[in-house]
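Worksheet: one structure, shown below.
Chain nomenclature is as follows: A, B, C and D, assigned in order of appearance, with residue numbering initiated at 1 for each chain independently.
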Amino acid sequence: MGTGRLESFSDGVLAVAITLLVLNIAVPGLNRTANGATLAHHLASQWPVYAAYVTSFLTIGIIWINHHAMISRLARADHSILILNLLLLLTVAVIPFATSLFAEYLRADHGAKLAAGVYGGILLAMALAFSALDRQMMLRRPQLLKDELSLEQRRRILARARAGLIPYVIAAGLAAVSPYATLVICLGLAVFYALPVASGIGI
Amino acid sequence: MGTGRLESFSDGVLAVAITLLVLNIAVPGLNRTANGATLAHHLASQWPVYAAYVTSFLTIGIIWINHHAMISRLARADHSILILNLLLLLTVAVIPFATSLFAEYLRADHGAKLAAGVYGGILLAMALAFSALDRQMMLRRPQLLKDELSLEQRRRILARARAGLIPYVIAAGLAAVSPYATLVICLGLAVFYALPVASGIGI
Amino acid sequence: MGTGRLESFSDGVLAVAITLLVLNIAVPGLNRTANGATLAHHLASQWPVYAAYVTSFLTIGIIWINHHAMISRLARADHSILILNLLLLLTVAVIPFATSLFAEYLRADHGAKLAAGVYGGILLAMALAFSALDRQMMLRRPQLLKDELSLEQRRRILARARAGLIPYVIAAGLAAVSPYATLVICLGLAVFYALPVASGIGI
Amino acid sequence: MGTGRLESFSDGVLAVAITLLVLNIAVPGLNRTANGATLAHHLASQWPVYAAYVTSFLTIGIIWINHHAMISRLARADHSILILNLLLLLTVAVIPFATSLFAEYLRADHGAKLAAGVYGGILLAMALAFSALDRQMMLRRPQLLKDELSLEQRRRILARARAGLIPYVIAAGLAAVSPYATLVICLGLAVFYALPVASGIGI
């Protein structure tokens, strides 16, 4: 099976997930802003929503870039590739929920660490699914690749995908210490991958 | 008419439906978690939402894989193919509603069996629409297929699609006994189709 | 400019609009079904929601089929085609709102006729936008068509698109008499266009 | 890397964002229209919602047309192009939020100017991101273009993109004076770009 519809379906899911994130940004109700507190105050006070939004948007965007690069190496896909790709899309599709949970609880007295752990954990699951798909392509189904790559080359590509796991392990783990640490690492990571210096570095 | 836009529109609907499922996963409100019950408790208590989410996500994903395989046999589409495909998309597009209904009522004192019946019934309707489209292609419009297949071959392909109906008949029927049975069968089925052993078996 | 991205963007908007319709089907809250009335009663009582859903789903699906056939005649698009297509997409994109309004007010003591008028009016606006786009292609920009068609042929194609306006004028007009008439005509029309006999008849 | 998936992902995000706008148009609740005020009154009173909807719909539609024209000049994309395109999509993806905020506060006693400023500011950010992407293509990565263009030609293309910034600077700035001025300029601009005379003028 060719990769055309695999790409088009994946693009669709990634595009919908990245755009649905905006539904998490609430417009303060007129009645809430009527009682003294100004709209400016309300908009400013929901900064965790914006921070989580930008983090998730950039992260999904970068996953798209990396997914694009990964799939472009495939000449065709088999059942195992399609299913692993579906699992990757599942982890991306729940990011809007995790983002909303994280933003809602970041400054709460209780639950903030758990919410940060869920957020970091879902990004980690996404990176794990990405690695699993890469491993399937590089080690188990090299015959599906467009170009013949040496085992050495394939191992190097996979090692790069796996190195991308480490920061997410740290981000999820640090949630037990401080939810802000998780936010800073995830946002910093997304910004880093967007920099010119990160061109060609997979998540 | 070529199948390019048929595929691209179907991919779009399937991608949107599968990604909209996440809107069913609610973030517990801050005020609800303030009164004693922890966020962990609230998140854990909505496990039916996660179970129904994963079931529906995998089911739509597998329908996409099967749809992909089915349409790739077509050289071009006529009005009847487009309309039957539209009916298939209609059954998929209501899955987010059925999923939400099922998760909300799974543990309720009343309505659980009906909600499970609606869920199983919609998945059954989807499988029926899939079979009807396959039948149109295999028996009534073989001239639209890319390759010339013998009647024998076409009947075998159709028989496989029809065999996929049986578990959904059981899942919908068992809703009258236990909503959990419906959940277990539908989730088990989705996981089964995702296994390597199920490669090439249509829903 | 080629028509590839025109088709892909239009497919995207139509696929999102048709799939968003499901958000109008509400799951009855657990607390509402606890007070005597059963879930079955609640689900049955919202039949206008299902009727409006099916009507709008089939209508958008048929517009997609007709749009597909229309654009496939184009070799390339100019600014006027892109803008008229955008206006057509605008009328389709508001259908989820009109559907929800119609379903909510169909049986209300007040507002039912207005809601039906808005619904019929938006479908009429969609058919008008479709005709306007067809007219631009057939009469004003025939040089953009793939095949050279005689003025006679182009007029016949346009006349068919315009004939599709009539039932929507009736549907919108009858809203002043009975909202049920609007529903029956719009649903009947969508079903008619889906029948084999309607193959090749534009909206 | 080719531009195929860049276009398909961008089309997806733009199509979802433009279609999600409809979620901002609320259906007046039956209970609200029961107390004297008619549905007609309620529908008429939310005219800012419709005005903001049409403005945002046309603006995203025109950005799509311009994006299409811009990307069609590219033979292939590098990391910097993908990231700048992602930032452009980020500004478009938040338009549904800005639209809802603007419509909600347009006639409020407080917050109207801020809401208009946010709306104008986001459209300005979109135009800035568009210019930045154009500059990257025209001045920094001319080797990625399909056709060899003289520096003179590339500067002219970029100057046109930059000229499109000016009205948004004015629209955002005038929010401090009157939110209606922002609405009139943004809507007028969208309509102007849709006119035949504006064919070929970039935002």
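In the analysis below, a contact is a pair of C-beta atoms (placed from the backbone, for glycine too) under 8 Å apart; a residue touches a chain by one contact, two chains touch by 3 or more.
Small disclaimer: the values here were computed from a predicted structure and weren't measured.
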Shared interface numbering between chain C and chain B [over half = same, under half = different] = different
Query = To lay chain C over its twin chain D by CA atoms, how big a turn is needed, in degrees to the nearest 5?
reply = 90
Ask   = From the centre of chain A, which chain's CA centre is farthest?
value = C
Ask   = Using the average of all C-alpha atoms in each chain as its centre, how far is it in Å between chain A and chain D?
value = 25
Ask   = Whole-Å distance, chain B centre to chain D centre, using C-alpha means?
value = 36
Remark   = Residues in chain A with touches to at least two other chains are numbered 8, 12, 15-16, 20, 23
Ask   = Given the complex with chain D, which residues does chain C contribute to the contact?
value = 1, 5, 8-9, 11-13, 15-17, 20, 23, 78-80, 82-83, 86, 89-90, 93-94, 96-97, 100-101, 104-105, 108-111, 114-115, 118
Task = Please name which positions on chain D make contact with chain C in the complex.
result = 7-8, 11-12, 14-16, 18-23, 25, 27, 30, 33-34, 38-40, 43, 53-54, 57-58, 61-62, 64-65, 68-69, 72, 194, 196, 198-200
